[in-house]
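Quick one: the structure is below, questions incoming.
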Amino acid sequence: MGNLKYKDFICTQEWAKEDLDRVLKLAFEMKQDRFGSKYLDILFRKQFFMFFYNPSVRTRQSFEAAATELGAHAQFLEPKSMRLKTAKSAGETVEDAAQVMDRYAAGLGIRILEDKIAAYGQGDDLLREYAKWAKMPVISMAHDKFHPCQGLADVMGWIEWLAPQGKLATGTLATTFDPDALKGKKLLLTWAQGALCRSLCSVQEAILIGSRYGMDVTVAHPEGYDLDPEVVAAAKMNCETNDRTFEVTHDSAAGYDGAHVVYSRNWMSPEAYRDGELRKQEEIEKALGYRGWTCTAEKMAATDNGIYTHPMPIDRGSEVTDEVASGPNSCIYDVAENRLHGQKAVMAATMAGFLD
Amino acid sequence: MGNLKYKDFICTQEWAKEDLDRVLKLAFEMKQDRFGSKYLDILFRKQFFMFFYNPSVRTRQSFEAAATELGAHAQFLEPKSMRLKTAKSAGETVEDAAQVMDRYAAGLGIRILEDKIAAYGQGDDLLREYAKWAKMPVISMAHDKFHPCQGLADVMGWIEWLAPQGKLATGTLATTFDPDALKGKKLLLTWAQGALCRSLCSVQEAILIGSRYGMDVTVAHPEGYDLDPEVVAAAKMNCETNDRTFEVTHDSAAGYDGAHVVYSRNWMSPEAYRDGELRKQEEIEKALGYRGWTCTAEKMAATDNGIYTHPMPIDRGSEVTDEVASGPNSCIYDVAENRLHGQKAVMAATMAGFLD
Amino acid sequence: MGNLKYKDFICTQEWAKEDLDRVLKLAFEMKQDRFGSKYLDILFRKQFFMFFYNPSVRTRQSFEAAATELGAHAQFLEPKSMRLKTAKSAGETVEDAAQVMDRYAAGLGIRILEDKIAAYGQGDDLLREYAKWAKMPVISMAHDKFHPCQGLADVMGWIEWLAPQGKLATGTLATTFDPDALKGKKLLLTWAQGALCRSLCSVQEAILIGSRYGMDVTVAHPEGYDLDPEVVAAAKMNCETNDRTFEVTHDSAAGYDGAHVVYSRNWMSPEAYRDGELRKQEEIEKALGYRGWTCTAEKMAATDNGIYTHPMPIDRGSEVTDEVASGPNSCIYDVAENRLHGQKAVMAATMAGFLD
């Protein structure tokens, strides 16, 4: 447990469990007292720079709202208008850009996804290059490898539903952070069909943070759709540490058995990048070859009254049926709302040292 | 007269006259005390999402200023960066997008004009689809059919000039809302030549709200430039209810006789859409065939010391001469300013329930 | 010394020396007390419109932060979405646009650089056209001729380093404005090689304001890279007024002798525009023909412990070596930070009359 001021937030796995607990506790409190005077001026008149290499609506809306609610101003910046140095053209180095931005702002969010890079991992490298030169915290707003703010929103939502005081038991969301609520619960993360060639960031973050909070984890996907081996190894280690199980299956239905949380989502295969390029169309065609990987009410019947989760936007009809996505056990809108509260807590902690 | 919190503002015609009165009264008060402490925190730290399917400068400037002056933050969003589901591609449904946005924001403005739709009415449909799923109010920032905020600004400006305490009588703008100031005054809405193929939204809103406030209405246009028949029918009904006259003429000069307010503007014909496409170039060429439809000082001489109004931007030289647009009876800048005050009043009423 | 409220800031040369002194003094004070209560609400809930004909990151970041820190809101506007009248198309006049914006905002920043104009001087003309119609101040955010906010940041930084209480003498930046700190110091402005075809705005502003503050000025460039003759004449006159020297040399090394401030930067030649077009590629090729115009540690050794300055972004390796740019005498990040403080002072003075 250390000082969180200036701490980068690139992957939840790099944060101590105690620090994640502190931030999640704050996020729950902020949700209960959204415009409470305690929080209104934590970042009064400060700047949060948002670098959107990739466009986004939800991420922008939630970060920009988070900044506003803490008294800050979020600048929506599209780095295409930055004259950064590249192998091919004159321009500014990250060394220079980051050190100047440090003079103006209290935090830097970066979003860079699969189609803005030439190989898996380059987005992560870029975030770490900024983090190296900037004193202010660098916060991932989703990048090729991880999506730590989505991870926080996920576990918040699952706790709200699964805790003893939660929605499944009482009909209303749990209002306080219960770090043990997910212990021994089974998370099924399953690949889903669809024509989207989606990033790995959300799903990889989900198994990392789910396993940190004591869940049994099952990952289901067709052969050839493995997640990043380093991420799988880390999640497995988290499960071992907590005495929980970690399994991979290539069966589209088996993993539902006894699950408490079902997370179905399309993602790209490890072959998506070749010769410095994302083969999006090939990936989409390959994915279309797999049928039966939609989350349906029939499959959900095998769960232990499981809830349905998804980071949105959902590709309804492919990733999940309307019946499940809009059904009584769908926590999708609660999870989406939690993006706001989780991000407020992270920004307060890392930009203002609110928890130090 | 009902609660206005959460009430959508898609067309003034759908609001009770008493509610329009209340909002206009507030708008006048807000104009007199622009940074008054009563109003500064009505939307403190809240979000207003602005969806600009079509770009705009004045609308953005006035809405973003309105949000700021009420303590809110307006997010400038371009839906092209939203991955919405379409007939042709995977993406998010309005059902999902709207329900998530409801968690983040207190209001949603949408602007969608003629060239972003395939047929007249589709923009209006989109606003109503968002309104169906979002609890927060949906406010039109101009769409294919209506422009309710422009309508408020128009009548505010006309009252400021025509009221007994107004500019024509006293040399300074009326400072309070006088709901009877326009009763029995004659509004001439006249088509104007020009190469712009302009939307119907502003002019349709003008005859709807003008007739609500007791004006005689004359609409002048070349044959083949009819407004939406449903709008014409509603305006006619408004006039009948108020015992006023409603006329249509195809003469470019006759309507000026005795007019108190002259509104000249180019608009597209009902043939503008064909086979799911806006035939903009055809419309422009057709419009160029009509001469003599410019508002001139000579024509204005036939009015009853009439004022000149236009929602801007003006196509000077085609829609109106410089002599009239920059002349002593031009209320264009006052009307433009009123966009700000009217929108502040609408946002306060519908997003915060300030008048409930 | 006059009222500064509503005063445009298009070039420092057009402001009285006493007024520049007052603004710089305020900028130093604001830097020492960045979030001090004296300054927080100077522009409370006001609007600052930023017109970016050219994109920018640093300028946007610093202006948007400046607005926030004074309590205002900065709107990022891209005039491509404005339907302005041009020789070829219908649209709005600056007369109309500016007079409406006056109703909404307290200040207007404009950035328009070399590739958005057809001939040198057209950007300057546009700013003055807006200034003619708008009562609110027009502030240059860099245009083809001048960059007054960069000029303020430059002299602030040079004073911070060169003053008797400054960084060179004491190891820490001077904290108060010393109007005499630059008297008799030698400024070398030298052209630098590179493939960027850069604007004249920053370098022209630098010799104007440097000479105002009593510096000896040497301008070094290859033959054919003359600055605007009117600017050179004005800088020469400033030097004469202060009994200082003004020299031009075509030697890439000689000017370093005894210099206190070295400013190396690429700029375009007077032949850059031909037939209403910027010949960027030709300029880049021409510039590549000159070697030996990089600022190096070897050259810096001839200075009088000179500091290195640059408005950024730097083209490292061409304009200056890493050794110098990241060396102990580089003031680049301090100068960059001063953009924020200088702009806050200008906005407070011209938009709110804070110094009147």
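Every chain is named by a letter (A, B and C) in the order it is written, and numbering of its residues begins at 1.
Note that in this section a contact is a pair of C-beta atoms (placed from the backbone, for glycine too) under 8 Å apart; a residue touches a chain by one contact, two chains touch by 3 or more.
Everything numeric in this text was worked out from a predicted model, so none of it was measured.
Peer 1: Determine how many degrees of rotation, between 0 and 180 and to the nearest 5, align the Cα atoms of chain A with the equivalent atoms in chain C.
Peer 2: 120
Peer 1: Same residues or different residues: which describes how chain A and chain B meet, taking over half shared numbers as same?
Peer 2: different
Peer 1: Please compute the C-alpha centroid of chain A, do the same for chain B, then give the distance between them in whole Å.
Peer 2: That pair's centroid distance is 42 Å.
Peer 1: Which positions in chain A are in touch with at least two other chains?
Peer 2: 76
Peer 1: In their shared complex, at which residues does chain B touch chain C?
Peer 2: Those in contact with chain C are residues 35, 40, 55-58, 60-62, 64-65, 68-69, 71, 76, 194-196, 312-316, 318, 325-326, 332-333, 336-337, 340.
Peer 1: Applying the document's contact rule, which stretches of chain C touch chain B when the two form their complex?
Peer 2: 44-47, 49, 73, 75-77, 79, 81-83, 85, 89-93, 95-97, 99-101, 103-105
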